[in-house]
Every structure is written in C-alpha cells, then in structure tokens.
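One structure, pasted below without further comment.
We just call them A, B, C and D in the order they show up, numbering each chain from 1.
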Amino acid sequence: MQHNDFMPNEFITHHTVRMHDTDMAGIIFFASQFRFAHDAWEDLMAEMGFDFDTLFTKETFAFVIVHAEADYLKSLKAGDNLKIAVAIERIGETSFTVYYKIYKSDELVGTARTVHVTVDRASRKKIAIPKRLKSSLEKHAALRT
Amino acid sequence: MQHNDFMPNEFITHHTVRMHDTDMAGIIFFASQFRFAHDAWEDLMAEMGFDFDTLFTKETFAFVIVHAEADYLKSLKAGDNLKIAVAIERIGETSFTVYYKIYKSDELVGTARTVHVTVDRASRKKIAIPKRLKSSLEKHAALRT
Amino acid sequence: MQHNDFMPNEFITHHTVRMHDTDMAGIIFFASQFRFAHDAWEDLMAEMGFDFDTLFTKETFAFVIVHAEADYLKSLKAGDNLKIAVAIERIGETSFTVYYKIYKSDELVGTARTVHVTVDRASRKKIAIPKRLKSSLEKHAALRT
Amino acid sequence: MQHNDFMPNEFITHHTVRMHDTDMAGIIFFASQFRFAHDAWEDLMAEMGFDFDTLFTKETFAFVIVHAEADYLKSLKAGDNLKIAVAIERIGETSFTVYYKIYKSDELVGTARTVHVTVDRASRKKIAIPKRLKSSLEKHAALRT
C-alpha cells in the first residue's frame, strides 16, 4: 500500500485510545483501528454537512462499504492520543475510496482505506454518486505528491 | 442482587469468550458481559419465534431497554466456555425484566438483568406488552425457589 | 436509582455518539452507554495522574469492576454530542463507586454506576484503597444536594 | 483479491450475527466482519492446541497483526447464521497470512485476510515462526485449485 501524502485537502480529527480498544495482548485489537478510521469519516461527513438522521432515514441514496484494509505500523496502547488525517483517494462513477493516516506524536502509526459504493436506498442497486456528495468529496480529494 | 434459581423454565445458551471481549487488564472488559447477556436474549427471542427482520421492521411494537445491571463474580478470560441461563424475572403491564446467570464449568461467574419497555414503533410511546409476546415470556418466567 | 446532583467536584468530559455505538434499531446498543461511562472514567484517571502503562504494568494494585448498572432516559443516536459528568459516589475500605450522568444539550439522558474493588496485582486479593488513589478519589467525591 | 478455493485443509467454524454487530443502517458495521474472522482464527488456534492463557503469558513468542483486509459481497443482518472457513494462505519466514471465507447458506458473502508477524515476546523483534507453530499452520495450508 502506497502512503499518499495528501496536503492540503486532508481533514484532521483526533482520538484517544480507550481500554475497550485494547485486548489481553496489551495493545489495540486490530479491528479497533477500523473504528478509529470510521469515526474520522463520520466527522468528515458531518463537516461536509451530512446529518446522520437525514442521511440514513431521508436521503434517496445510501453508502455500502465493499472493501476495507488497514496496515499496522506501531502497536497502540490505551491513553495514546492519535491524530487522524482523512482524504478522498479516488472518486469513481458509483464508488469512492477514503484513505486514513493515523499519527501518534507526528509519527505515522497506521493507515486504513475504505471503499464505499453509493446505492439507491429503496432498490439497493448501485447508482452514480449524487452531485452534492461528489462536490463535497472533491473538496477533500487527496493530492498525490 | 438476589440470585434467583430459576428452574425449569430457563433457556440455556453458550458463549466462548473472545480476545476482543478482553482488554489490556487480561480479563473481559466489563461491558462485554452485557453483550453476552444480550446475545442470549437474542437466542431466546429466536426460540420464541421472533425473527429479527420482522421484529425490527414489520411489527407494530418495539422494545427499549431502560435499565441494565451486572454483577461480576469471577474474572473471565479469552477461551473460557460459558453457559448462560436466561429467564424472565418479572412481567409487568408495559415492561418486563430478563435475568441472566453466567456459568463457567457449573460455577456461577456473573449475572445480569435488563429491563425492557414495550413501545409503539411509530409513536415511541409505552404500550401494554402484546399478547403473543406476553404468552411467550410467561413460558420462560423464572420460578423463584 | 437516585440521581445525585454532584457539584462542584464533578469531572466533565465529552463524547460524540458513533455509528458503531448504534444497532439496527437505530439508537445506541445499550452496552455502548457503559463504554461512554468508562471512557469518562479513563479521562478522570488520566486527570488524577494515573498513566495507563504504569497503572496496568507497574503498580502493585489493580481495580476490578464487581458491579455496573445504567439507566436509559432517552434514546441516543449517531452524531449526538454528549457531556458526561463523573464523580466518586462512595469511597469504602476496599472499594469505591463511580457515578456518571450523561447529558445531551443539558438534558439528562442517562446515568451509570460502576463499583471498583482494589486488589493486589499479584495475589488478586482485596486490599485497602492505596492512599494516593484515595486522596485523588476524595477530590472528586460527589456532594449530595 | 483472488478467492482461493481451499480444500480439504480448511477449518470450519460458525457465527450467528448479533444485534451489536449491526448499526443504524440495519446491516453489520463493517468492522464486525473482522471480529467474525478473528473469532474463527481463535477457534483454529484452540484446535491447533494453543491455549490462550499459555499463548499470551508463557510462550516466548507472540503474534502481531500488520495487515488486515476484507471484502463485503452481501449485506449481513442480525440472526444470520454464518459458516466461516479458515485456511493459512501463505507461510513465510517471520510471517503468515490467514484467509477467511464467510458463507451464508452456502453463498459466499464475504472474505477477509490477516497478516501475522511472529515476534519475540520480550524484545518485540521479528523472529522466525517457531517450529511447533509452523507445523500446525502447514496442516491448515490452503490448497490453491
């Protein structure tokens, strides 16, 4: 996985690692990192003006995640303060890819990527990314350097 | 909390403690025990003939949990094989209480209790427990000994 | 459960409800509220100067939760911004009780309570609350009004 | 991602989708699928004779997950009964890859892959996969067809 250096369109959010994010091995359970990433995506959606209540009950479209992946560069522990940078890596016709870089004290400690397909809420069939969403995503498109 | 010895109406299910149920202290994170209990309640609902897809999308009523509590008698570790006994402790007009006893090799290691209110799906207002549900709950009413 | 109005020793922290905190019923899964509470307790521990790495690997004592309970006053949804007030409700010889009040826009939406026993790390036997911890807890003791 | 058809060395385990695995969108939260996969891996470890208590407290080696990925082919709901097939896809010098296929009624509904590095417990440095583990992994090596 190539680590895109996305600047200046990235969106920044923060997370403190919690005890329930860890397991008996003393470090975070690997699936927790996907929650950190999705929390950041939810923050970005809010920043783009998508209200959850509206998004999941009134919009005609919905997102479905069809792929997710993560790399773990450093073990993370409860109490660690993380900075998460999010950017849109790819915008296709009916899907887009969100990319996440996780930092602890400016050291890259993990990355993640989620691929989202836009579907019609009623029929659950793939649809083109709605214009309003597409223009929001474009504002956070990763700039490859 | 009094440990009701409910026999013979109790419903029995099983759970293996997973790594993600534990935290850095090496034992289960306390909230995990509530998941074990609710998993058992879901198994009991299925056994009573309540299909989730129907229950949460087509029924006119819904449940809302208004209280939950748990006692922790022994520390539980990943790999522990648990037996969970479930019974209905109380059936009121608009609410009922589910009681859970968790065993490891026939030793009681924890208990839990959840109080559920029945509400109208549309208005979200309290309603009397529907008859079909009430008769199912009665079949699993705890017998105090 | 009596809602103690604890002022001015309470500790305040914040939480945004996440999609993974919810379930198919559209509101938070009841066990999530216990995670919100424990997150707030972790923030308070940090504020009292207890570093996790030290606490769980170098201290001679440990905490074990022996009881937990919660009341749910309002349904919570993804995106809800919560304020959590934490205070120490009771300090005993070998145990203490932490009490949590959860607010959404200044409305009390839920409460929780956790009972912690202090044990010797090695023997896992109950011990008196260590002095340094006790004096920290006393600074956050709830004042009943 | 290529779907390896591994027969006959695959290990089979089962999982019922729970309410807490779902979110407000009505289907499983994407990170839950990684928990299903890891649960299956834990069952396979148990079957290979690795006891958790020993593995995480007495062995000289440990595993660290350095990469994880999943594909989502069908939306999964609470109550769904899943069959999970696990096999070792690759055995390297200091790492191995576990591959998971998730079925609902014999339809492939999802896949996952986790890459594990073996490290020395004390130094946390990479070490060659211990012989006993390697021979266990080889018994469950995926046969590509």
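What we mean here is this: a contact is a pair of C-beta atoms (placed from the backbone, for glycine too) under 8 Å apart; a residue touches a chain by one contact, two chains touch by 3 or more.
Computed from a predicted model, the values in this text were never measured in an experiment.
Would you mind checking which chain's C-alpha centre is most distant from the centre of subunit D?
Of all chains, C has its centre farthest from that of subunit D.
More C-beta pairs touching across which pair, A-B or B-C?
The comparison resolves to B-C.
Which integer distance in Å separates the CA centroid of subunit B from that of subunit C?
That pair's centroid distance is 23 Å.
When the centre of a chain is set as the mean of its C-alpha atoms, what distance in Å lies between subunit A and subunit B?
About 34 Å, centre to centre.
Return the residues of subunit A touching two or more other chains; collapse runs of consecutive numbers into ranges.
19-20, 24-27, 29, 31, 35, 38, 52, 56, 77-78
Under the stated contact criterion, what part of subunit C meets subunit D in this complex?
By the definition above, subunit C touches subunit D via 19-20, 22-27, 29, 31, 77-78.
Under the stated contact criterion, what part of subunit D meets subunit B in this complex?
Checking each residue of subunit D against subunit B gives 16, 18-20, 26, 35, 38-39, 42-43, 46, 51-53, 56, 77-79.
Quick one: in the complex, what on subunit D touches subunit A?
Contacts found on subunit D: 24-25, 27, 29-31, 34-35, 38, 52, 56, 62, 64-72, 75, 114, 124.
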